[in-house]
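Letters are used for the chains, namely A, B, C, D, E and F, taken in the order the chains are written, and counting of residues starts over at 1 for each.
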């Protein structure tokens, strides 16, 4: 049985994240979405809220579980007995940072493979930070996020 | 059972290619290495030679098969009932071209996932063309290729 | 009256090119699509064929003219009294080459502005070369090109 | 009549910004320079100061107006009946972020075209943040900014 | 006698920094490692601690001196009569920022050459920030830093 | 005594190349400009012509010698007892290719340092291929090349 981690801050989960998770779930026997605490980033949603929104967004996918974690990705993979990490790729800058982290992870946890999965072009330029920025200014982000996130963002920014 | 294609020209197969195939073989039940005809590129080794060198290089990997193909990658995946394509990533330029092809493939064969796998830094800057160039000038490429390829390159360039 | 050149090889014109031309035609009073001879590239379609396909593709756009040219872009702009060059942008690599040419053009023809226009993500990864490659292997490119180009490609590759 | 927005934080306006505005003013009938509040960035100059410095810097350009805005760019464009957004391009990283925002804007305000204009190489590596950094350390930035900004920076950093 | 500056924040010095300093020391008669105050970055280690760790790390290199500086790099070079600045290069993003600063430095201090030196691939993806992040989560960074830094990080994060 | 190689095809030498050679000559005791045969590229000028044009262009620089070479750069460095390779950097794409070759060279000739030197922005977008292209179409390239090259290009393209 092959198990993959899909790690991220998911602040909040977007349609692009959901696309990556769905694709991973078609290939791997089990997918563990790992929501990072990311305290330093000062996230908009609390860790509990982010986990809850991811859970609601992936509720249709049978072989997907959602957990939170605070620490090194390689340790998280070891604990959950995951053989691979799957990440979505968006733009080039992104990629370089991922390269850097993946290269370090190869040193720290040599038995963990990192796969990058490409989303279709329509999700390529989507990010949680852009979604937060647009929503905070009253823009409509319903095309870019699962319905539960749309509701949560409107509540957060008092747009309802 | 999950089957992945690892496509390429493999002119010739390098230690970096072998690393990607080995990693893919740890995750997927079966890996089909698909050697593209790539006639337009005027390859150094014939399609038959390239297939033969890949076969020799992967002979220790039980769940890896080697085939040749001439046509669209999405058709090759359909014929071999592969659910995923796995490609190695080296440098950024590469990545952009891969983006382009993958975006097209999503249109042409929507049920085929493309995963990019990262090699460790030591293979990041390795490519068949650099290996050919160095070998053609008499340089020692034994660190960069499987032993059978080292022999084949020396023979090809009359270095023995 | 503001006139813009949209230069390119257009071998053949794609849906992405057409998108750029349409956007330019909404801003400028007149758009002159300038099909470059590009003999060195050994184009698939002759200059006359390429001009003809562009003409057919833009026939609905009233303020768009199509010409062929062989020489320096700055000279072409001078002859046609164009104040601006409009180019589509796809991927980063592209961009760097465009930077290089635009920087040279600023030296050669200082009164000519170069604008880059972004296509929506679905066209971002589309290029004439990818279209030619897919079509030559029997793939369906009807989503990526105007109908007249689809017909021309099928005829060229004997796919009908 | 074609109207373009040139948006930015302009903290402070540099010679590169002025070059982009001047080029846009040669092509469009009217240019509206839109100074973003950008409170989150903790700007060096207040919104009022930034607007004032831009106004002084563009005072010779007859078809250029300066406004401030706080919100979504697409809303600002709608209010001012602008058909296009014109942005300067500097380096590649920049470009990727612009891609992301422009792709989102296409979804949010589909009738707004985004043009990127290239500055000559000498302005390519100029940015407000580098100007602020150099000036804060007592460096001479008079080559990189309009005279009114040079005065304002010296006053701000007590260099006079 | 040729003297080069190797500037940086060194928060903390990594094996990659040490590699660049060592390579510079093989080419230049004297190398001055210039530790920037970088107060704005809110460094993990104080300026004094960072200087001390660099000094310990380079103690075997006879023609290397370590200083601290707070101000413009071009002024630092002038004071220490340095003819060149040597910087390590890691990833592409990096490079663009360096381009920007170097272009500005050419204007500010035209007699100062900037050389970029490439580290071997194994150091390519190493950075102080990644080291800090991994260490703060209890990961082992002993492969990535000089021994004195490993000790200092463990003490700082209470890992001993 | 520190000796550096400045390798290239120099087809033909541009003002940007000359800038890099001049900067290298200010730092190193001796600079050996190494003109590569590059037969595969089908150069416009013969190896002899290219060497001759470089020699004329650098005739004012006392510590610069010009040689031709055909083979591996690391062998050329060994023969000429050079401790370093100095290359100019232009754009990002370039840089990635250079990374690849430099990484290979570290394996092939571990005692050879590679330095990249940045030209001022005005030379950043200059390349031999752009110069050849513009000149072949009758454009004026006198700003971009040494006078002897301007004469040679005009003769070659029958522009006199």
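Rule of thumb we're sticking to: contacts are C-beta pairs under 8 Å (C-beta built on N, C-alpha and C of every residue); 3 or more make two chains touch, one makes a residue touch a chain.
This one's a predicted model, so the numbers in the text were calculated from it and none came from an experiment.
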item: Mutual neighbours - chains that touch subunit B and subunit F alike; value: C, E
item: Interface copy of B-C among A-B, B-F or A-C, judged by whether over half of the contact pairs recur; value: B-F
item: Rotation angle (°) superposing Cα atoms of subunit A on subunit D, nearest 5; value: 120
item: Furthest chain, CA centroid comparison against subunit C; value: E
item: Centroid comparison with subunit A (C-alpha atoms), farthest chain; value: F
item: Pair joined by more contacting C-beta pairs (A-C or C-D); value: C-D
item: Distance between chain centroids, defined by C-alpha means - subunit B, subunit E (Å); value: 38
item: Separation of mean Cα positions, subunit E and subunit C [Å, integer]; value: 47
item: Separation of mean Cα positions, subunit F and subunit C [Å, integer]; value: 33
item: Of all residues in subunit D, the ones touching two or more other chains; value: 92-93, 96, 99, 103, 121, 124-125
item: Chains touching one another, given as label pairs in label order; value: A-B, A-C, A-D, A-E, B-C, B-E, B-F, C-D, C-F, D-E, D-F, E-F
item: Subunit F contact footprint on subunit B (complex, rising order); value: 90-93, 124-127, 130, 134, 137-140, 143-144
item: Complex interface listing, subunit E residues touching subunit B; value: 92, 121-122, 124-125
item: Residues of subunit C defined as touching subunit F within the complex; value: 71-72, 74-75, 92-93, 96-97, 99-101, 103-104, 107-108
item: Contacting residues of subunit C [partner subunit D, same complex]; value: 2, 23, 26-27, 83-84, 86, 89, 92, 95-96, 98-99, 102-103, 106, 113-118, 120-121
